[in-house]
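In what comes next, subunit A is part of two complexes: it sits with subunit B in the first one and with subunit C in the second one.
== the complex of A and B ==
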């Protein structure tokens, strides 16, 4: 431990950290551009220079390590003068097109100039011009003129993604960041560069001119597109998602997320989202109301139970839905109908696992909640079977009614499995849009996507993380747990869960490993199950 | 509550002096400047800084000057401006509004949008005759606002 003094505050900090990190501990802001927590230290922007007692010149806070007895001044006259000077230099060739820059509002240069800069420039000559807008990758646009040459993007491509696409070209005033000739910034993490850029030099092609950032509503959620469960923030406006950004969580995704998740939410706004319950009439599905739908499900299930026995009713849980949704399916099957035939859908598309040099991994399993779905469907220590096995029972005629939870964003069942579904007498499917599951379904109940849903996902590490609803549900669509609760009540079950929290409380009481958890304590970073 | 009526003096009770006083005021106005205007025939000339209907200005090539920076919509206290931006079809410009709507029923004509505009694109004119018969007509669209200028000249304010 080292005893230091920052702006007169005495404090003890661990050895070997830098002045910038020590100031962070002390709660003092030191402006910086090139420093980033997850990247190597370069010290090129000169924005973080601070004064240290008995040192003749100012020192960069990001690359100077703490020594015992250091006396640091972060807002002395010299430091303030330096900041003003550095910012004036940055603004010499900066186009100052904040009104049409997407970064405005979350731009560090803008904030610093407001805080520490000067309102006037002494530069009267013509500004240096570059090719204004360059498409350097499928998701990223580069505006050279706005660049402050901090090099975060270059270091990201070297250290985090390990793909080395970006570099500095030319020298002096013509210096700019660009991709190597013939290359494209098309690695799977390229979207992170947009968040990494402290100014508006790297902007997202998808979000370009969509909205000003101060109008966005931020909702903390979990990415539903692989089992890693990256922590995300959904930025929405007027009930539409406009962009998705990663939320720092050192245990799961550090500060990053992959482009599949970042741009893969378009299914939420599919044109053909289901807005009311549907009933099959011949070839077509016709809309009915919820009361009709629930009583239809009840009637048909009761008919099959009384004719073929309880075991003839089976259910397939979905690893794409939350623990709460799947738990209610277990309640329906296990406590209300008392049938043991429960399975978890597992054919979730498997792709190759991608591991980046920094350790960031895109998981092979593309379902966000397989661990959680299996956990909540485990009865008396007996794990649920795979859906393939259950479908064999269907083929043999053992199972007459099937209750499937859908919610899968992209996949399909193989053709042979799809054919098996035709053999079921009564098929109920929860889904958010028409899919191959609803092709043969007798009743289709509209459920929600991750952006509208509240609940928890358990990722591949066993970390239980919370989703919060960012959007309002389309039409009459409801959360699966609400639908299942109504079905349970119609079937004679006496349960009532007024909120997701109450369902989670019951999961915590009933499921192995969830006993130490409470919904409120999960917070924004989640908790690992026992 | 008991109401106390002040006792009237003799002069008050005669009533004629008060009558003369009132008539004096009336007659005085015969010789003063007239305020009444024959409104529909004779238009009122607003003060130079009067804030009436908005207009969108055009640049020297006749294109909308607005760059869709949303500053007006941000500054607007009644949130009556709705803009949708897109990439501009012109080489020298980057962003332009595909949709620019002002709900003049909601607008309080404070002029904040004009003040916030970095391009001198939105301005409040002297037009005060904005009555209409449908609600939709009060939502002034981009083309309406771009045409305000011609409208203004036509009416010879």
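== the complex of A and C ==
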């Protein structure tokens, strides 16, 4: 440990950290552009220069290691003048097009200029001009004129994605970031560059001109598109998602997310979202109300139970739905109907795992909650069977009624599995849109996507993380656990869960590994199960 | 007494050929170093000679070598900085074109001293003639076993590669040079770590100027005391002075350190063209602060010039006579620095180009009241705040030109035109 002084505050900090990190511990902001926690240190923006006693020159806080007895001044006259100077330098050629810049409102340059800069410009020359809105990749647009040349994007492509598409070209005032000739910024992590950019130089093609950022509602949630469960923020407006960004979680996704997750949420706004329960009439599915739907399910299940026995009713849990949803399916089968025929839909989508040089990994399993679904469907240490095995029981006539939780964004069932679904006497499916699963269903109950959902996913590491609803459900669609609770009650069950939290409490009491967890304590970063 | 070290044999026909070089004591220094001295002794000899870097900063060479860690476990590199690009400087090219073996020998001895087995000459891309000569000389040196394996059967081996520069001023800044040598853009690195500990390919690295290294064989051969017989107490040896500008006999002159500037200009340089009046001198390459005509009594050594408010730098002496418009000259210099800024660090990239635009505007008769205060404040915002020394190199002329020739700048602004009657025979690109 080293004893240092920052702006008169004496504190003890670990050896070997930088002035910037020490100031952070002391709660003192040192403005900076090129420094980024996850990237190598470049020291080129010169914004973070601070004064150190007995050192004649200002030193960069980002790269200067603290020494015992160091006396640091972060707002001395010299430091303040430098900040003003650097900001003025940035602004002389900056277009000041904030009113039409996507970054306005969350722009580091804008914020720093308000805080540390000068209100008037001394620059009377012609500004430098560059090509605007250059398409450098499928997701990213580059506005060179707004660039502060911090080089974060370049270092990201070198150090995190390892894809090396970007570099600085030309010198001096004509220096600009661009893709190498013949290359495109086309890698699975390219969207992160938009977030890394402290200004509006790298902007998202998808989000361009969609909204001023201050109109957005931010919801902390979890990406549902692979088993890593990157921590995300859903930015929405008027009940529509406008963009998704990663939230830092060092245990899961560092500061990043992949483009599959970042841009893969369009299914939420599918035109054909299911908005009311549906009943099959011949080839058609016709809308009914919830009371009708629940009593229909009750009637048909009861019929099967009384004619073929409890075990003739089976259920398939979904790795795309939350622990709470799947747990209620278990309650229905295990506690209310008392049938042991429970499976988890498995290996829905497996793609090649992608590991980047930084260690960031896109998982092969494209479902967000396989671990959790299996956990909550495990009864007395007996693991659920695979859905394939269960479908064989359907083929043999052992199973007559099938209750399937869907929620799968992209699915393709093998032909034989699809054919087996035809054989069931009664098929009820929860889903948010028509799919191969709903094709033969007698009753379809409209559920929610991740964006409307509350609850927990357990990622591939066993980290239990909370989803929060960013949008209101479309029409009469409901959360699966709510639907299942109504079915349970209709079937004679006496359980009552007023909230997801109550369901989670019961999971914590009943499921191996979840005992030490409480819903509130999961917080925004999640907790690893025991 | 002999008065030359480096240029002593410059006029010997075919001195570029190894046979001729050998006849003029060639490679005797290397033989002596390998056979009679341990590497540490070489460092001590060079320290004792007082040899200081000739690239501009004047850092003691032996001391620099002693910073190389002995036990890093990594390969040590030696880079000869032959990216001579400071305007007004043209001495290294001469040394390479005229006496390449002297440099190669100096490199071999230095490599031996710092336990380096791979050395590079990073040579300015435009120096095609020097490259041709060096390539030939390096091949000869390999043939005669002054380079390669088991040099002179003394168990020391050294590979020497010639690397053409990538065409920018900033590639001559030592860490920019290292980046360029590694195949990247010549963008200077943040220091620390210094190249002596983390340099080329992350190995300990010594970077020395052509002129510095060319002195080494002579120091080893004749001893530090002999070397100290040249120059002043703290600036030992001779110096190659590059005379250019409004002078009758421009060229490279090897003279002992400490020679008065006046003597250099008027005796050796033959005075000002057309008998006109001297107006100003840049003493050490374009980045060093300008001196006025009444400062020319200064002695040309590191300490004396520093005392006069400038720097010896690369000893590129640029002489300007009364027909020179100082605003025009400064516009030319700032344009150069603006063009050569690598662009990675903010004050240099933005500030230098801004200054260039303002100075150009003043020269074009569109100067505004307050421009000079603005320029000086921009300089203050660059001064000691950039990542590498180029920011300070760029403001050196601006601050000194404005301070020393302020009235001329004010005349431009007040009259809205350039009031100087220029020598039209000299063309300056705008």
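To be clear about the criterion, the second predicted complex is superposed on the first by the 530 of 530 C-alpha atoms of A that agree within 3 Å, B and C clash if a C-alpha of one lies under 4 Å from a C-alpha of the other, contacts with A are read in each partner's own complex, and residues count from 1 in each chain.
Throughout what follows, a contact is a pair of C-beta atoms (placed from the backbone, for glycine too) under 8 Å apart; a residue touches a chain by one contact, two chains touch by 3 or more.
Please read these numbers as outputs of a predicted model, since none were measured by experiment.
K.L.:
On the A-aligned overlay, A:203 touches which partner chain: subunit B = first, subunit C = second, or both, or neither?
P.N.:
Neither: A:203 stays clear of subunit B and subunit C.
K.L.:
Mind working out whether A:100 is in touch with subunit B, subunit C, both or neither, as first, second, both or neither?
P.N.:
Touch status of A:100: first partner only.
K.L.:
By the touch definition at the top of the document, which applies to A:140: first (subunit B), second (subunit C), both, or neither?
P.N.:
After superposition on chain A, A:140 lies in contact with neither partner.
K.L.:
Which holds for A:132: it touches subunit B only (first), subunit C only (second), both, or neither?
P.N.:
Only subunit B is touched by A:132; subunit C is not.
K.L.:
Would you check which partner chain A:214 touches, where first means subunit B only, second means subunit C only, and both and neither mean what they say?
P.N.:
First partner only, subunit B.
K.L.:
If you tally the residues of subunit A touched by each partner, is the higher count for subunit B or for subunit C?
P.N.:
C
K.L.:
State whether A:173 touches subunit B only (first), subunit C only (second), both chains, or neither.
P.N.:
second
K.L.:
Which holds for A:20: it touches subunit B only (first), subunit C only (second), both, or neither?
P.N.:
A:20: touches no partner chain.
K.L.:
May I ask you to decide whether A:371 touches subunit B, subunit C, both, or neither, giving the answer as first, second, both or neither?
P.N.:
Touch status of A:371: no partner.
K.L.:
Given the touch rule stated above, what does A:329 touch, subunit B (first), subunit C (second), both, or neither?
P.N.:
Touch partners of A:329: none, neither subunit B nor subunit C.
K.L.:
Need the overlap of the two footprints on subunit A, from subunit B and from subunit C, as residue ranges.
P.N.:
none
K.L.:
So in the complex, which bits of subunit A are touching subunit C?
P.N.:
It comes out as residues 41-47, 49, 56-58, 60, 63, 81-82, 85-86, 88-90, 92-93, 122-126, 128, 148-149, 151, 167-168, 170-175.
K.L.:
Within the complex, which stretch of subunit A touches subunit B?
P.N.:
99-100, 132-133, 208-210, 212, 214
K.L.:
Any idea which subunit B residues touch subunit A in the complex?
P.N.:
67-71, 74, 85-87, 94-95, 118-119
K.L.:
Looking at the complex, which residues from subunit C come into contact with subunit A?
P.N.:
Against subunit A, subunit C makes touches at 168, 170, 185, 187, 190, 338-347, 349-354, 357-358, 361, 368, 374, 380-381, 384-387.
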